[in-house]
Amino acid sequence: MTEKIIEINGLTKNFKSLVAVDNLFLNVYRGDVFGFLGPNGAGKSTTIRMLLSLINPTSGEIKIFGKNLFSNRREILKNIGAIVEKPDFYLYLSAFKNLEILGKISGADVSSKNIMKILELVGLDKRASSKVKTYSHGMKQRLGLAQALLHDPELIILDEPTTGLDPQGIKEIRELIVYLSKEKGKTIFLSSHILKEVEIIASRMIIINKGKSLIEGSVQDLLNNGKNEVSFQLSSDGEIRDIIHESMWAQKLIKSDDKNFVFGLTKDEIPVLNKFFVELKINVTSIIPTRSLEDYFFKITEGLEE
Amino acid sequence: MIMLIGIELSKIFRKWRSYIGFAAVGLLVGIVQTAIYFQGSGYLSFATRSFRDSFEYTGNLLNGYLVAHLVLQALYIHIPFLIVLVGGDLLAGEATAGTYRMLITRPISRFQIVMSKFIAGLIYTILLLFFLMMMSLGVSLLIFGTGELIVVQKSIIVFAKNDILWRFFFAYGFAALSLGVILSLSFFFSSLVENAIGPIFATMAVIIIFMILSALNIEGLKEIRPYLFVTHMTQWTSIFDVPIDYSNLFKSMLVLLGHIVGLFTITFLIFKRKDILS
Amino acid sequence: MKLKYYFGIFSVCFLFVTQLFAQTKEPKVLLEAVNAKFSKVKDYSADVRIKVDIDLFKVPETTAKIYFKQPDKVKMESKGFAMLPKQGLNFSPNKLLSEKYEAIYIRTEQIENISLDVIKVIPLSDTSDVLLSTFWIDSKNKVVRKIASVTKKSGEISINMKYDDSSIKYGLPTRVEFSFNSEDSPSTSQNQNPKEDLQKIQRGKLQGNVIVFYSNYKVNKGIPDDIFKKNQQD
């Protein structure tokens, strides 16, 4: 098994009577792009703040790089780059000066060559000497990435990094995350309240709500393995129900009425089943994939499910 | 640590509010100097009226020392308000700006953060005092020359030329200690909240309330005077007394130092346990 | 003013009575003799050392150079600050005698084996600060050894003068001790408020001594008037 970069065991944080994080367990492995998914107020930020020692846990254990965070705080933080919520900087200083200050404290190479290289990576090199107060939100978000990367950390923790960005900005950030993971081999811990975002870039994920872990695993598995519900609308002169019941697909049928048959399928099985119907002269009027994860997550975010 | 202090200082000196203190001191001292330059004999005749009738006197009493002493007397109560502008912002300013998160997720301990900020604040305080000294003592000596210093406090004292400068240095040192308490107090308030305005006004309020309490001549209130740091701050005047009541002076210095250490310790303990939610 | 008026009436009555019975010497003659002797000093300069010991009023020991020229030009010069009671510059009773006054002879006293004539002098001018002065006159040397005055502004002032063999020729003292004693001076009052004490001091109510040592007299050497022109006090 690959090395655990983050290991959270039974983490709990109470704010007076409010339980923000409730006995949370999770593991992030080296090379993961780990999606930390949950609706707003699920406890994502509180967890991330605890990972970065901004908040003291009420109980539980956090290990990063195999070491206890609280007894090895400085050593661990040296190897973490992070954006927590919105990226805030010293507005009265230039982007360059901000990076210089933050980099110095992190023990990064703060030569102007290196700072400019990072600024170029996030596309801010031309505005390096502008005061941050003149920056747009998107620019600050990118500067946030720059400060997280400046000291070349092993683990990058990004808290909702695409919030407030335009589609182009979102695309750029996603590409950058993929680049950091694939090309630079960084482990990335990415929180989001948007399933699609996690689906696109994450390799593994966890969904939490009300501070509790609901589901954890590989994104691929969670999205594909029997979890997708596909509704086929069919019409035929023959007895469709009988045909299905006599075939191998019977066991995948979840529910049905006269015309609509809902199957639990992997992505690969959808065209196969389609072909099966077509060959039997059954008209397929529509195929509607209703992924259960999405449904599930949607229900959570809408607060429909406890 | 030195690097952190340097960073904190550069943050302080890149904020325009940090220059309010310098501008105010420069302006006030300039006004006092101008006024004395043109109308100084008025003050002097007040100071010398006790002996003008029965004594002949000679010498330059209207000199740089007199101006520096007047300025110190006039500004001693007010410089704290200038220090508060910076002290109240030290921690809360980071909370307001959200930069706490950037700072605390760095590989430095919270003690280092608090300590470096506090030391940077102290350096600012000392620099402001040094500026006051250069403006009020240095520049005044250039404009008005030297001479004996006449001080009207509990008694009228004329200090010999060679008996003055060390008193000023002592007084500025004592002032540094007093302002250190103000800084510590505003720093303490600064650790409690996430907005610099609160600590600034809270500290000012404490100073004003303590000043009123220590000035009111009511029997019951006299009892609490020794417990108000403001009372000890005003002890600097005894440096310009003959003889200097060293035991009282050192006691006050110790009390002030105790305040600084105490307030810093409390601030650190609060900050260490603080959950950063900003 | 009223007080002075009554005091004046009382004094005149007192003078009248005492003149009838006790007059053995003519006080004005004694005073004039002193004045005549001093007027032989056309000018002088001297070095002074001044020790001030007055309650609530602390001044370091200072030195200065003083100049005097008849009739009333005085000048004090010092590298730094120096203060000297005004009577410490001009020892001539000239000023007193130039205005109307009444003088009465009281008695003869022996002090330190010197026979002194005690004379009371009452200035008659309303503008005079002095209400009553007592002079102890060394008639043999024609010098004043002691003056005790009651003043309006400063309470009681007494001046003790000491001479050495050479200075006495000119009537110039080598040591003068001024004693100030104000009726409601801080040290005699029971006032608990130090601010009020200070205000009294500031009104010139002094309590304490000033001792002035004179040395290096240069008498009748001629002093140019220029010296008295420039005033350092401003």
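Which chain is which? They are A, B and C, in the order written, and residues in each are numbered from 1.
The criterion applied here is as follows: a contact is a pair of C-beta atoms (placed from the backbone, for glycine too) under 8 Å apart; a residue touches a chain by one contact, two chains touch by 3 or more.
Values in this document were obtained by computation on a predicted structure and should not be read as measured data.
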Most heavily contacting chain pair (counted by C-beta pairs in contact): B-C
Chain of greatest Cα-centre distance to subunit C: A
Closest chain to global C-alpha mean, per-chain Cα centroids: B
CA centroid of subunit A to CA centroid of subunit B, Å: 53
Separation of mean Cα positions, subunit C and subunit A [Å, integer]: 100
Distance from the mean Cα position of subunit C to that of subunit B, given in whole angstrom: 48
Interface hub residues of subunit B, defined as touching at least two other chains: none
Two or more partner chains touched - positions in subunit C: none
Two or more partner chains touched - positions in subunit A: none
In the complex with subunit C, residue positions of subunit B that touch it: 41, 46, 49-51, 53-61, 147-148, 150, 152-161, 163, 242
List of subunit C residues in touch with subunit B within their complex: 55-60, 62, 64, 74, 76-78, 80-86, 88-89, 129, 153-154, 157, 180, 194, 198, 201-204, 206, 232-234
Contact footprint of subunit B on subunit A as seen in their complex: 15, 49, 52-56, 73-78, 80, 82, 84-86, 88-93, 97, 101-102, 104-107, 147
Interfacial residue positions of subunit B with respect to subunit A in the complex: 3-4, 7, 10-11, 14-16, 97-109, 273, 275-277
